[in-house]
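Shared chain: subunit A. Partners: subunit B in the first complex, subunit C in the second.
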Partner chain A sequence: MGNSLFVFAEQKEGKFKKVAYEALSLARNLADELGSEVEASIIGNQVRSLAEELKDYGADRINVVDDPSLKNCPPDLYKNILAQQIKESESRIVLLGSTALGADLAPKIGAELGASVATDCISAELQENRLTVLRSVYVSKAIARVSLENEPAILTLRTNVLPINKKEGKGEIIKKEPGDGLPDPKVVMKEIIKSSQGKKDIEEADIIVAGGRGLKSQENFALLEELASLMGAAVGASRSVVDAGWRSHDDQVGQTGKTVSPNLYIVCGISGSIQHLAGMSSSKYIVAINKDPDAPIFKIADYGIVGDLFEVVPRLTEEVKKIIA
Partner chain B sequence: MEPERDVLEVDVLFVGAGPANLAGAIHLSTLIKEHNEKIEKGVLQEEAINELSIVILEKGKEIGSHTISGCILDPCTLKKLIPDYEEKTPPLKQRVGKDAIHFLTEKGKSSLPFIPGPLKNKGHYIVSLGKFVRWLAKDLEELGIDILCEFPGTELLYEDNRVIGVRTGDKGLDKDGNQKNNYEPGADILASITVLGEGSRGNLTKTYFQKFPNKKSLNPQVYAVGIKEVWKIPPSKNLTGQAIHTLGYPLDKSTYGGGFLYGMEDNHLAIGLVVGLDYKNPLLDPHLEFQRFKSHPDIAGILDGGEIISYGAKTLPEGGYYSISKPYGDGVLIVGDSAGFLDSFSLKGVHLAMESGMLAAETIFESLKKKDSSENTLKGFETRVKESPIEKELYRVRNLHQGFEKGLFPGLLNGMFQYLTKGKWGKPKEMEEGHKRMETLKDYYGGHLDKYQSGKMKFDNKLTFDKESDVYYSGTSHEEDQPCHLKLSKPDICMKECAIVYGNPCQHFCPANVYEIVEKENDGGKELKLNPANCVHCKTCDIMDPYEIIDWVPPEGGGGPLYKEQ
Partner chain C sequence: MKIVVCVKDVPDTESNIRIASDGKGIDPESVTTVLNPYDEFAVEEALRTKEVKGGDVTAITVGPKSSEKVLRACFGLGVDNGILLKYENFTNDPFVTASVLASYLKNNPFDILLFGKKGADLNNGQTGLMVAEMLGTPSVSSIIKLEISDSSAVCHREAEGNQETYEVSLPAVFTAEKGLNEPRYPSLKLKMQAKKKEIQEIEAEEISPKTNIVSMEYPPKRPEGKVFEDSPDAVNKLVEMLHNEAKVF
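After this line comes the complex of A and B, so read on.
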């Protein structure tokens, strides 16, 4: 078998997904351990210019397939292209993000290549030359340690868990054509309907300001939105306010919502049940604002303010305005 | 407009993959196999029963995910069902070595110097019922019996008065009942015989007796709710093999119930509190009472240094002999907890559930041979039950629960007398539905609500847990964008009447914080907020609501707890 690690560097509308950097960093570390190389793959339309950046994150070879037919992410074409690239490079380990696209591609490529597939992984290690991964299972209630027997081993990695490290690779860019001798796709992408315009995706955000029932009404979320827009942050929500219809399910943070790991998580009016913590506990810095001094959120907060958020948040917003000015 | 539904035709349909139906399905397969073998050998001159299709429906994600019990298993029925069970590596690793009964006060405890017969569990197994049913189910897969998980039975199908099958739940409806992209209408599963083994307060069983009130028993069924946790405790506590039952603290003399601690293998401890759902105090919170139970110095001492593994809750049918309605009809049989086969003195129902499953299987076998699944043949089920150990065991304690009407001590005395006289003591005693015994705020507290406030607790999330945290430990999850499965027929009553008269007991009696009274948006008073995704499927709300406006129906299949070791 070959000795490279293969990373699908997923991009959306000309920007890499955060998990692409995380996957590349992991690949670089594993490659250094094995004395291997890292091959990254970019697929899309008008994506040529993205390739260079991956050198900084450890890619030795960067395959670029750039073609108008690849606009709108037709999944079958992506699968065909990736499967062929993986076969050609004879990679032992393949990494993708645990995104909607990654979850779609991994099993299909796995089936085609007879690979072992593990999804939603939160870590991967080599133990005596065998790949062992940890996967989050049972709605984040347990972690399973899994070893993969077949090669290649295909992993999808959970976003916002693994670190991003800058480490230089050789950075050789290889242009590849789509379609040479590839089977016709069975699924054709007809249209992409966007759900919301111009909203920051909480999974990708570096700073999140989250609110819960303590906000008392849908209108009061304007307080958090003002603070968030000043900081370039996304606005998150607890299950409570999503259930009440005040916020969209896309913004729900927690066991049954999204898992986030921003640099800064400012949480207002959320008591901090285990279910919410499951979605944000790995945030780098947590600032909690709550008028209940016994709220469980204070146990994991790095900085806590016991106070009325209707007083504290506007004060905070004022201070941020001063810093920016 | 009625959607087009898939129709599946089977011979026998079991609803619920619990111990009763699994025993039933296994026994039925055994009877048919033996029957066909005898015919092959020429020993029997009858028609062979071939090509039988048997299906088991289960609303949980996997077998055992909704299964929870104390649990002490008397293996007597298992020995009949699978005589060589010991060679099949059953999950029966721990026998009871020592029984104890304690009477608790707030800080103290006194032990009963003797153990009444039914509570002598030495030699029985302490089990996780979930693990046990998963083991039972393994056999069935090999026998070619399909267990369809994530398939709740939502409606009984009838042809005139005959049950002809079950409709399963729709999938992929959003909060407002509109079809989502993954919409799939429920299927109609038609069967000659439907066996309802839905557990305590089964939703289909409930509708069956609403349709046929003349089949109802002398007394209504009365229930209790069991709140249980499984802990891993330090080996130094030396509780392995002990079966401890408690009375007294934290429940008062007029509240039926008691606690239990069962020392399982690997230093796992099953600990719980059972509270009768006929309590008087409208603000009683069984989950809170369980946390208080754990805070008793002796019990806190046992749990000290340990950690919680799992949480769950279920209701139990406590009415006994006179609360068992006719468990048969045209095309239908009712087994296990759904029928009410639970011995509330010995506190064990699994062996009786399995026994009832086996007797149902014998009745079905007869019905298949006669090619008659009408009441005429199926009434043979009741006859068989009356001639079985179930009758003997339940008759002996038939007025047990009624005896507690006057309080704890009269109840205990009554229970003892009845048991010692082998049930001859006591005429049939009437009983009313449990929720009718609930008193109003005015009558119970007489204006002294401070009595209640002092009962509240701060949870430390190490020994005691709030409801949301406990729900987390039950592994409960539901597809959140689906219609609410708690159907309230008159929601106006909640704030207009119940809040004033009873103080909204739902927020207290639900062990999963499904019902919350919260401030309205923009401080406009209070309202009921439902968190159906927390539901652990115990049915307490369906039972205990004083206005009888709550109807529990199954949520989308697969939702609910994910019990691993309950």
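After this line comes the complex of A and C, so read on.
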């Protein structure tokens, strides 16, 4: 087993996921500690032009597989290509984002390579030369320190938790072929309907404005949309409004939705069930607006206003307008 | 149609946990366990598939003897057979669980194999996909719709806002996401019968884990918040604090 670190720099529609930069930054730190190198991998259709940028985030080698067959393909194709590259590089640590694709790839590659896998990690460090990570467990009621006993050690990183650092790497760009990674004919992608352009991904957002039952109707989410668009924020939702069909499941924060770690989480009309807290309690700042002074959300909020959100949110929107004007 | 669903029991997500005295896990006395919420979707889909296509539904779990409780819960929902792959020193490492399941399933063919997309306990989300890989069986994760025909299935999933549709030849592995179906409640009659139903017990071979939990802690306490009643200047105060203290604007 070699000593290098391998990063899957995931891109979507020709743009890197935020977590790709975060994973590269972490890999660079670990590589410096180990005196080793960082190998990054870009896979997709028409992605060649992206490679250059990764040099600024510490990549020493940048593998590029650019092939039309990678447009809208099942994850298994990525898996085959990555597993091959990881084997060839003899990397000891492999980093992916905890994205839909990363969550699919890590266990599959792990099973194929007999590797140790830890998912949705919030930190990673070397302890006595062994990779040790922190993970949220038991619906975010505990944090487990997990050691990865085998190499390669594969981990997926939660978005928005670790810093992005610029640091120059050697930046050698290596064009590769998909190789044996042809699509598995047993799984065929029939159709893909892409999300509306410009919609903010709540996992990558620095600010989230989230709403629940207290909004009283689907239409009233316009209040939050307005505030969110002013701040460049994403709009999140509680389980009950997703179940009611007011918002899409993609926007749901909580145990059966997404786990988010924005800088600011503004939560309106959500009382704060254990399941909701599980998805947002690692936000840096939490602002709660709720008319029930006993709502559990106030127990974890940094700032809170006990009041009617229909009164408070419009005034907040006006204030924010003044600040950014 | 041979339908298999892999399940586990997890602490009820509503219950508070207490970290065990060895600091490496939770005190089992501090929680009540339930069928993993994502596994509920998997079991429901298995039962609905049987109702449409015929065949039988087998639930499998891995763990110590006490884990058979989760199989009885599955009987209460209408599952036909239960298998405990008995593993006394079970450490909940996904690679171990997947290896134990794969070595059983290798010799016991299925048409459809279902999992919950992850466990509400350790939140790994690995086992189902690892089993698929170990068996060389095609898989689709986090599905929200499944339509089975005789030798293939069409399934839908959501991935970061995109709606994806896949066609898969059978046998295949699926992991269930919320939205796949609305799980049923156990029936009283089936629950009564479940108590007497036989569970097949198979001793699993021990495998060394790939990951180990070194320690477990409660999350850091959040600092005391500043909460105030709405008043004419409440919003100004809030914005000022966000601006000066949190520096978010």
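As a working rule, the second predicted complex is superposed on the first by the 288 of 325 C-alpha atoms of A that agree within 3 Å, B and C clash if a C-alpha of one lies under 4 Å from a C-alpha of the other, contacts with A are read in each partner's own complex, and residues count from 1 in each chain.
One rule holds for everything that comes next: contacts are C-beta pairs under 8 Å (C-beta built on N, C-alpha and C of every residue); 3 or more make two chains touch, one makes a residue touch a chain.
Quick caveat: nothing in here was measured; it's all calculated off a predicted structure.
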First, second, both or neither for A:187, with subunit B first and subunit C second: second
Touched partner set for A:306, first subunit B, second subunit C, both or neither: second
Which superposed partner A:294 touches (first subunit B, second subunit C, both, neither): first
Touching partner for A:148 - first (subunit B), second (subunit C), both, neither: second
Partner chain(s) touched by A:275 [first = subunit B, second = subunit C, both, neither]: both
Subunit B versus subunit C as contact partner of A:222, first or second or both or neither: neither
Broader residue contact with subunit A after superposition on the shared chain, subunit B or subunit C: C
Contacts of A:213 with subunit B and subunit C, given as first, second, both or neither: first
Partner chain(s) touched by A:263 [first = subunit B, second = subunit C, both, neither]: second
Shared subunit A contacts, counted only where both subunit B and subunit C touch the same residue: 138-139, 141, 249, 255-256, 274-275, 278
Residue ranges of subunit A touching subunit C (in the complex, touch as defined): 12, 74-76, 99-101, 103-104, 106-108, 110-112, 114-120, 132, 135-150, 184, 186-196, 199, 201, 207, 231, 248-250, 255-257, 263-264, 274-275, 278, 281-282, 284-288, 293, 298-308, 311-312, 315-316, 319-320, 323-324
Complex contact set, residues of subunit A against subunit B: 138-139, 141, 213, 216-218, 239, 242-244, 249, 255-256, 273-275, 278, 294, 296
Residue ranges of subunit B touching subunit A (in the complex, touch as defined): 458, 461, 466, 468-469, 471-472, 475, 477, 480-481, 518-519, 521-523, 529, 531, 533, 562
Subunit A partner contacts - residues on subunit C that touch it in the complex: 11, 13-14, 16-17, 19, 26, 37-38, 94-95, 98, 120-127, 129-134, 138-142, 144, 154, 158-169, 172, 178-179, 208-219, 222-223, 225-230, 234-236, 238-239, 241-243, 246, 248-249
